[in-house]
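Each in structure tokens, the structures are laid out below.
Shared chain: chain A. Partners: chain B in the first complex, chain C in the second.
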Partner chain A sequence: MEALTSLIHGFGVLGDPMNIVYMFVGIFLGVLIGVLPGLGGANGVAILLPLTFSMSPVSAIIMLSSIYWGALFGGAITSVLFNIPGEPWSVATTFDGYPMAQQGRAGEALTAAFTGSFFGAFVATLLLTFLAPVIARFALNFGPAEFFAVYLLTFCSFVGMGKESPFKVISAMMLGFALAAVGLDTVTGQLRMTFGSAELLRGFDFLVAVIGLFGVGEILLTMEEGLAFKGRSAKINLRVVLHTWKELPRLWLTALRGSIVGCWMGITPGGATPASFMSYGLAKRFSRNGARFGKGEIEGVLAPETAAHAAGTSALLPMLTLGIPGSPTAAVLLGGLLIWGLQPGPLLFVEQKDFVWGLIASIYLGNIAGLIVVLTTVPLFASILRIPFSIIAPIILVVCAVGAYTVHNALLDISVMLIFGVLGYLFKKLGYPLAPLVLALVLGDMAESSFRQAMLLSRGSLSIFWANPLVAILVTLALAMLFWPLISFVTERFGRKRPQMVPGQ
Partner chain B sequence: MAHTGEGSEHTVSNRTMELVVAGGFIAASILVMYDNWRIGARWVEDGPQAGYFPFYIGLIMFIASATTFGLGVMAGPDHTNFVERAQLKQVLQVLLPTVAFVVLIGLLGIYVSTTIFILFFMTWLGKYPIYKAAPIAVLVPLFLFVMFEIWFLVPLPKGPLETALGY
Partner chain C sequence: MKRNRVSARLLAAAAAVAGACGLAPAEAAWQPTRPVEIIVPAGTGGGADQMARVIQGIVQKHNLMSQPLVVINKAGGAGAEGFLDVKSSTRNPHKIIITLSNLFTTPLATGVPFKWEDMTPVAMLALDEFVLWVNAKSPYKTAKDYVEAIKGGQPHQFKMGGTGSKQEDQIITAAIEQATGSKLTYIPYKGGGDVAAQLVGGHVDSSVNNPIEAVAQWRAGELRPLCVFDSQRIPLQGKVTADMGWGDIPTCKEQGLDVEYLMLRGFFTTPGATPDQVAFYVDLFKKVRETPDWKDFMEKGAFNTTFMTGEEFKAWLKKAADTHRGLMEKAGFLAKS
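After this line comes the complex of A and B, so read on.
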């Protein structure tokens, strides 16, 4: 198998001991980020990104992706011990994790969560290893029209699959596109929407936006809830771990189902959060103990964690092969690639073999390292959470300010971050989704240039988007996604009157 | 603005905030459309002009946010509460010092501002005695300094104090 030889080559890249050190540093920082409120995968990676400018791209991506794995693991700790989801994707973990902790089974719950995470990530990494090169080779033939169609599908999926109002999804997304367009137009050299300001020439950097929206916004939301951390103590030792591991193989079907749901939601931009809820819901429906869910059932911890971690990992698949990230954190990693001078997309697999396979190999090792780190350091991180919020909050805000500044060494960016923070707070409260905004901000320029190139090829005719079967299928799927809320609204209306008309699958 | 029957906890209704934010989106979309129409949003001999793509982005944003606005208007009176007064107070207790912190960074550099910010936050909001807050307020910027200026060689904003110390 070609993928296998490439993978072995990738492990060779990891032979550099410094890369292993970066991996552990990344995992540790990631768990810390996952545990602290206001710092999450996306903005944590965004803040640390400037620190990696001086590293080699391979070391940098290994450290940054390890932060991401760490954050995915870390979210479970707060969910189980404190009933506070450290990350949105661990909300579903609180349903059964916290009751288990209350019954004194915190160790079991954590072991199940971590092992589930590991399993989900492992399945997703296998998928990445074998599917990514195939997709990349396929995508090599893509022209601008095909790329734009894929972008369109990505963005329309947010409308079709989001649970927010479709109009709000579109508004937030368009705001992202508009902000991405600010500054110098690279094709014509004209200034767009700078309104005579030299500071706006640079445009809006999505890293600053991410730090503001997810970091500052989250702190403001946390403050509103007036957090008082009252946690359960965690006793996790080898006996508990081994005992739980003996139990887990019984639940292989739940874990596998969670992984599949997660992989699917990660590749399509559904993301880890809906994946975790969906997996929890499916496990509840199919489990023999379904009725006991919510009262401390180990399956209820395993299911969402497996899906969340599988989704988080498989979000890298479209990011690497097509240059389209499946989650905000993957978007930040993509921004990193661009800064290091790597163009994500199918050519990456041809031109940067070392980089791609080094990264994929590091995901395998990173998750093993992550499992070891979290299993051994739970008490440490739990004690960090007992530090009062009035000490943690100013430190996090300082870190956010530092992160925003270092992106471009621009003081104005700190103020921009603050404005995005307030926007993030308002948007969260009013149900405007943040993920499409961030993705549009990252992909805006690329989506626009592929649109322009496609339009140039067709001399301004939209017919190019139906010119061949592939692009036609993509665009039609995208439009179906876009109008999905409308379609489901109509079928619901008429379905109630005439139930025999319902099937529309 | 207080509706009767909601008590003193009432600030603004969810609907009002919906309308304000949707209105903001509409204003932004008009700005986007205006500026891109100005630089040219049409198709010319050599292809689309610079404002072509963003203009339509603005147009879609206008339609979507106007719909949200319209739905909000039609929803009728709303007695829900966007944020309780006590909650708003807590949010502002974080937000306003942070604004001051950002302004201070421009004047004093990030290290001195961080010390002041943490001291203020811990003593005022956290009600910590000064001898407990001071070590953290000094150690955090010191750690940042070592990490950024020495370890990673990334310069952070500096002020008069750092200049006096020779940085």
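After this line comes the complex of A and C, so read on.
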């Protein structure tokens, strides 16, 4: 009840019309930032942060967090339309979103993505409103071993789910791990595989790789297949939104599962990217239509988007209550809090009631505003596919190049992006899956350092992964996931072989 | 009329400042002609990044420069990427870099070829303090208690969490090991915020977080400061918790742990910068230091507010580089070459 009164008070803080204006400006900028690949939410917020120093902290955080919501929404747009993930957490959205667009169902895919995002954020916000102090403590239980267990679970829920041969999946994943290892090793402080080159010091950025693998690779494929988009027949009116909405309640379980995965990963703080992958993997495994995933299944869009947005929202919780940012964007916002003279941490909820509840209220309103903004623009975005390929393809390439450059302000990254583009094309042609490579590239580094931190803590004993119930459950679950295909394969084989062996004896 | 008087007074103050550092007025003539980049050789959200963005905000808010400041993170290779970028931008005065200890530690630990002499020193803006923290639930009330426990325990029994590897936190850890004669287990994490959270969660036994990284947990009664690695106590009188302020934390030396370490928060510009270009930035930072926003930021983070420029700064850098080499050599952190 106390939370409810505080929330109502928070809406009162929002009553200032200027704050509503800041909110819409933020959402609009955020959608733009999300659409441009490379210019992620973290960069966008960092660039605009200094503009807010002269505002009151409440207005500033409302505007900046609205940018964040906008970017979360916007990331889905290019993933669906052009197979270019605008943000790391929308990679999983491309798996089914892009095939849907190719079938002329871009409007449906976008509606599902936006609605899923909204639902995920809404669940996470409810959590933030009513359970913040309880759940914040939970994040503290996460040491290196627990972090590794979460990453392991993400990998395991993803491996072996494709139709590709296990050999190809493992090769792609190993390539990803190798690329992730380039650069500084945070545990020993040594450089690895940089071969004395200053350009390799920063390693291979996940975003640059993804823009190349998906965006440029896709353009190369399309060029080969006839210089035209397949999704030109997309219906472009607002009825598509209502039509899709009628279908969505059927998928409540997927949405709920996505929200839970997302909230959990946001709080722990695993982040939105692993959450989206894990949610997609789980949806595929547990859905009745699992086999059709990857060919344009609406569930495959809903699952990662719900999780990503839930994680993005709940990532604010450890930031506000503990001062640990749950995502890079949250890290920048954290810096902002300090500059505005606020101290994130356990006392923020006590000392800065106006600020905290104003922020939480703005999440509710911001997401509703965001949903309205993006849904009304669905037809606009879907109609982009009607522009002839010969006009839009060069524009996409330029946007990709700008995006790749923006990540680190490095010219070499544009060449790296093009090389990844060729790699993506070859992978598609040879039937190698891209997802394991991308997953290994984004999580390989974090999984490795948390594993080695855990080994330092336990002085080399693997028993640390069963040292407490939390980590033991996570690891056991992961191993069961990993070996499930093997177990079922072996039992199947065994079951088939035995009758054959009987006559031989 | 009033405005006139104020601006006249400002002019007088500016002249006094210029006079105090022995500059002829004509020398302040250089002005940036395009946006100035602040390179941060670390990731977004860290201490150096925060300071760079605070400066960017102050410059913008108080209109201290005609051209905008842009913050760019180049964190690759423990910051080597950023330093190499500045080193290779000879005579491009529109680029400055904020430093942390990796100015000294990264080339020593990784062998990447750069040193502070490769760039043009501008000014030291502040020094960041380091404090020894333990979990408030632990039985150690003073640094003495904790040192006794380390000495009495098994080697590697006590776990120290810190930021990065072979950087400032691990150097301090190595110095504590040398002072106590007992080994600690050092666990490297990505950032100072992570380290503080891991300490609250009880995954490590202690940390050497900067004040700003752990102050929130201290105020919430979850962490306990034992001592500060400086030659004197932090000169801040206000209370942070109900009964303690920064000034009440004893120095480690008082507690019988003879370790001192401060981290440089200063600025460099590109090689070959002319004296009037350096003078422009020195003047800019002096103006930044005068703003209430900066003073507030310094107090929140309990920074040591020493300001140095010119020869004095160079002498300090020379000494600090030698100290780092010595510390890292003793700890065995030097790159094999």
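Methods note: the second predicted complex is superposed on the first by the 273 of 505 C-alpha atoms of A that agree within 3 Å, B and C clash if a C-alpha of one lies under 4 Å from a C-alpha of the other, contacts with A are read in each partner's own complex, and residues count from 1 in each chain.
The rule is simple: contacts are C-beta pairs under 8 Å (C-beta built on N, C-alpha and C of every residue); 3 or more make two chains touch, one makes a residue touch a chain.
The model shown is predicted, which means the values in this text are computed figures rather than measured ones.
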Touched partner set for A:Leu322, first chain B, second chain C, both or neither: second
First, second, both or neither for A:Gly345, with chain B first and chain C second: second
Touching partner for A:Tyr432 - first (chain B), second (chain C), both, neither: first
Which of chain B and chain C A:Ile414 touches, first, second, both or neither: first
Which of chain B and chain C A:Ser165 touches, first, second, both or neither: first
Partner chain(s) touched by A:Asn141 [first = chain B, second = chain C, both, neither]: second
Partner chain in contact with A:Leu457 - chain B first, chain C second, else both or neither: second
Touched partner set for A:Leu49, first chain B, second chain C, both or neither: second
First, second, both or neither for A:Pro85, with chain B first and chain C second: neither
Overlap of chain C and chain B interfaces on chain A (superposed complexes): 50-51, 53-54, 185, 187-188, 190-191, 409, 456
Of chain B, residues touching chain A in the complex: 14, 17-18, 21-22, 25, 28-29, 31-32, 35-36, 39, 43, 47-54, 57-58, 60-61, 64-65, 67-68, 71, 82-83, 87-88, 90-91, 93-95, 98-99, 101-102, 105-106, 110, 114, 117-118, 121-122, 125-128, 136, 140, 144, 148, 152-157
Chain A partner contacts - residues on chain C that touch it in the complex: 43-45, 49-50, 53-54, 56-58, 60-61, 71-72, 74-78, 80-81, 84, 109-112, 156, 159, 164-167, 170, 185-191, 193-194, 196-198, 200-204, 212, 215-217, 219-220, 222, 293, 296-297, 300, 333, 335
Residues of chain A touching chain C in the complex: 42, 46, 49-51, 53-54, 139-144, 183-191, 194, 198, 201-203, 318, 322-325, 328, 331-332, 334-335, 338-339, 341, 343-348, 408-409, 449, 453, 456-457, 459
For the chain A and chain B complex, residues of the former touching the latter: 50-51, 53-54, 165, 167-168, 170-171, 174-175, 177-178, 181, 185, 187-188, 190-193, 195, 216, 219-220, 223-226, 388, 390-391, 393-395, 397-398, 401-402, 405-406, 409, 411, 414-415, 418, 421-422, 425-427, 429-430, 432, 448, 451-452, 455-456, 460
